[in-house]
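Okay, so chain A shows up in both of these, paired with chain B first and chain C after.
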Partner chain A sequence: MRHIENFVLNLYPSTKLMLPIFVAISIFLVPSYYYAYMMLPLCMVIALLAGKLKEFMELVIKGLLVLVLFIFIMQSIIAPGEEILWNWGIISVKKEGVILSLTLTSRIVAIASAFLLFFRITPIQDIGQALEKVGMSPKFSYAIIATFQFIPEISKRSKVIMEAQKSRGVETEGSLLTRIRAFIPVLGPLVLSSISNTEERAITLETRGFSIKGKKSHLYEIKKSNVDIAIQIFTIILMIFLLVGRLLTWY
Partner chain B sequence: MVLIQARNITYKYPINDGQSALKNVNFTIEEGGFYAIIGKSAAGKTTLCNVIRGFIPHFHRGDLQGELIVEGKDIREWEMDELAKKIGFIFQNPFTQISGVKDTVFDEIAYGLENLGVEVSEIKARVKQIINLLGIEHLQDKNPYELSGGQKQRVAFAAVIVMDPDILVIDEPTSQLDPKGTKDIFEIIKLLKERGKTIILVEHKIELIAENADYVYVMHEGEIVHGGKMEHVFSDPKVLEYEAGLPQYALLGIEVQKRNPSFSRIPINKSQAEKELKKWMEKQEVY
Partner chain C sequence: MKKGLLHDFTLLAILLIPVGVALNFVTSQIVQILRLPLHLDAIGTVIVSMIAGPWVGALTGLATNLITSLTNPTSLFFAPVSITIGLLIGYMSKFGMFKKLWTTIVAGVVITFSSVIVAAPIAVYVFGGATGKSVDTVTAAFLATTQNIWTSVISSSILVESLDKILSVLIAYFIVKKMSDRYLSKMNYGESFIQNKKTS
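Right after this comes the complex of A and B.
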């Protein structure tokens, strides 16, 4: 059971969605990479308010840090430029390259952290329910929710299959080539078993009355409050301001 | 009142070796009765359950002949969503009996009631009640994917009975359970029967059937080869020919009778066995 007594978590899914939308659009309207990098602390503040700061930071460090460092270094080295900052053999880091990679990585960090946070603070069931409320078929929202729920299950199941194949003599450890080769006997059963399970899953849904027509009820009804509407309007106005400002300072 | 009536049902799965999964099956299910279906593996028990619940012909293709009348209407004319309200169905494999869209066991059990459009406050009350009934309070906040086989089986059972259908088709509900868990499930089935539900149960645990069921049908190679009142079927040595199994007390009785035909009444449970043997021994003046 969920007991939510938190301002951020209680917001309507579409209100929460305003964050990644706002971030993704505004970083292109405000060209400075300082601004884009500021989106990460902004997300951290929201995560803190939602009581999810630790989870969020773990995701950012695990998922984002390595990627961003990699892109930063590659871009700095590869990008062409005149002003050489640092030289080591044939490798040289240029000023233009550094600026370019700062811009690029700042945008990746901003967009990725906004979306990561969105999915941290929005249960996928709520997204499904919100989509149903705007008229989407329950079948479609089921597919979305079930897919998200199934992702951790896939990795667990692939480990089981890996063990099973190991016990049948398939080599799964060693050089990169062996590991890649071991991937095929794991992937096959994983896909096939998932497909063969769909029939029983369909029967399960049928027994739980998935096809019953008429209004369904929701254990956790999501409601749009005045606060939601206020936040949404405020964000849209803010985006319009940024757009107008950008157009005025174009030249 | 006759609730379900099957006449000459023959069914062939779309992909098979030309054999019929069900051959000329006839049976009657009375309202409020507890029916057990026994028989060795691959005798057609699960297929029969699928026909009663309407998954054959609504879900599985294949060739269905004969008629199955549920409350006066042929199974082919029933709508799937109406059947979902009428007949609860619990099948063998607990690992796939998860909706896949819920984070906790509590929500999982509530899923059917959500689909029925029941009021939230009532959903909560009914789910709590079922959780208490099954003694799975300790599981209610767990993720349904992370349960053991036996726990999943209990949750699947709870998720169906919470919807309160009139008829329950239960296919081997105790395959993953230990003896205590099995006994608990039978206690609940008994309780459901007392509440007036009609129960159709496939099960291999003969002793427990002998203690609870009203009627038994024996299946063999796609046919119902024997059927009737439980006491009747279980005291008949013919059942052994179909490898369906008999209660150990009946087996004892049959052995005694073979050696000494004066032992006339074959017992099917412990108390009967004690009574009959005592009576017989007194007569034989063994004491």
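Right after this comes the complex of A and C.
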């Protein structure tokens, strides 16, 4: 068992999942881009409470800033509109384009940052086990965890293979054609060796009774507390409240 | 061998999913190290779908995009594209599209067009034409001349994707051909790649 003394990190995975679900639904219920942009500061506060603010902000800046800029440029080129704010050659920025891109980017930033934060504060192990508790086969939760072990492992093997092929005389630098020719001698052995590894792994798992039917015990357990249930109920009530509010303002 | 959603997820097939996801990642790393002007970021998905079928392939595609979105959130929205690639390759493998070289190339063309058809609405409605990838500069250039978002997105992605996807399918085909018959015979969709069919 792991013990972390942090309120946010100790929550149950499904409670943490309430954040992206709430954000994704509520930004379509509240049609103002001010509201959608407020979701980023909300996520930042939660990240701060979890002590993950720095990693979270790095990811947001790296993953979203360029995209948001591109959307702004494209929308301001194409959006039809009357009110021209700024003119430069054939490019003119119109008020309608700016409003449209603000709406688009606010939603993307809100959904993406909520999901980024969810995966920052929820260990993959916890997600696997929570899914197992709602009825997923343990085979799949093993596959989820194994994916994260395989990526660094196979990446390391690819470097070994590349060095080995270099020592055999395969050139990996030079013109484009030489570099393309180097691709197959690296990828081929990598795929074939990884595939033959899965056979061995399957045999190893079978000898440990992986496919036996019956209840499995866990070395590591996660538990749902009363706080989790309270937060989940509160979020659902809040979403119903927003939905009713939206329906009332429509008629 | 029985095929279908309920029969495809054998232990070997499930173990293939993490390998496929990892291969997608590592292939794009190799592409970066070799400084090739391509993505080739779906080879793992294509290989898994060819030998383990459409559903295992679709799950591999979904998992790849979910894991990429841990660092690059835009890929979350493009998950339907990877799922389509997995499903289509799996079904084409089921109907023996990968028995000959020329049908494999046709399969590559089919994959190009279907991934563009699935990706274009996502790019237009969710991102207003941008994807956060290098295609964006091409799209922006088309936009400046045609002023039409759909033609720009579709023509720029066909231009960039076609070579990428056809090569991915071809490379995957040659690698699967090299796999041992003993291993392919254990996979639900492996039989069309087995070369020495003693029992006719």
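The rule we apply is simple: the second predicted complex is superposed on the first by the 190 of 251 C-alpha atoms of A that agree within 3 Å, B and C clash if a C-alpha of one lies under 4 Å from a C-alpha of the other, contacts with A are read in each partner's own complex, and residues count from 1 in each chain.
The working rule: a residue touches a chain if its C-beta (ideal position, glycine included) is under 8 Å from a C-beta of that chain, and two chains touch if they have at least 3 such contacts.
These numbers were taken from a predicted model, which means no experiment stands behind them.
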Contacts of A:41 with chain B and chain C, given as first, second, both or neither = neither
Between chain B (first) and chain C (second), which does A:31 come into contact with in this model arrangement: first, second, both, or neither?
-> neither
Once the structures are superposed on A, label A:140 by its partner contacts, choosing first (chain B), second (chain C), both or neither.
-> second
Which partner does A:51 reach: the first (chain B), the second (chain C), both, or neither?
-> neither
With the two complexes superposed on chain A, say which partner A:174 touches: chain B (first), chain C (second), both, or neither.
-> neither
Of the two partners chain B and chain C, indicate the one touching more residues belonging to chain A.
-> C
Name the contact category of A:206: first (chain B only), second (chain C only), both, or neither.
-> both
Pick one for A:219: touches chain B only (first), chain C only (second), both, or neither.
-> first
Taking the superposition as given, does A:150 touch the first partner, chain B, the second, chain C, both, or neither?
-> both
Once the two structures are superposed, pull the chain A residues common to the chain B and chain C interfaces.
-> 142, 146, 149-150, 153, 197, 201-202, 205-206, 210-211
Mind listing the chain A positions that touch chain C in their complex?
-> 59, 62-64, 66-67, 70-71, 73-75, 77-78, 90-91, 100-101, 104, 108, 111-113, 115-116, 119, 139-140, 142-144, 146-151, 153-155, 158, 162, 172, 176, 179-180, 182-184, 186-188, 190-192, 194-199, 201-202, 205-206, 210-211
Okay, in this complex, where on chain A does chain B touch?
-> 1, 123, 125, 128, 142, 145-146, 149-150, 152-153, 197, 200-219, 221
Residues of chain B touching chain A in the complex | 53, 55, 59, 80-81, 84-85, 88-91, 93, 96-104, 106-107, 110-120, 123-124, 140-141, 145, 156, 159-160, 163
Which of the residues in chain C end up touching chain A in this complex?
-> 9, 11-12, 14-19, 21-23, 25-27, 29-31, 33-37, 43, 47, 63, 67, 69-74, 76, 126-132, 136, 139-140, 143-144, 147-149, 171, 174-175, 178-180, 183, 186
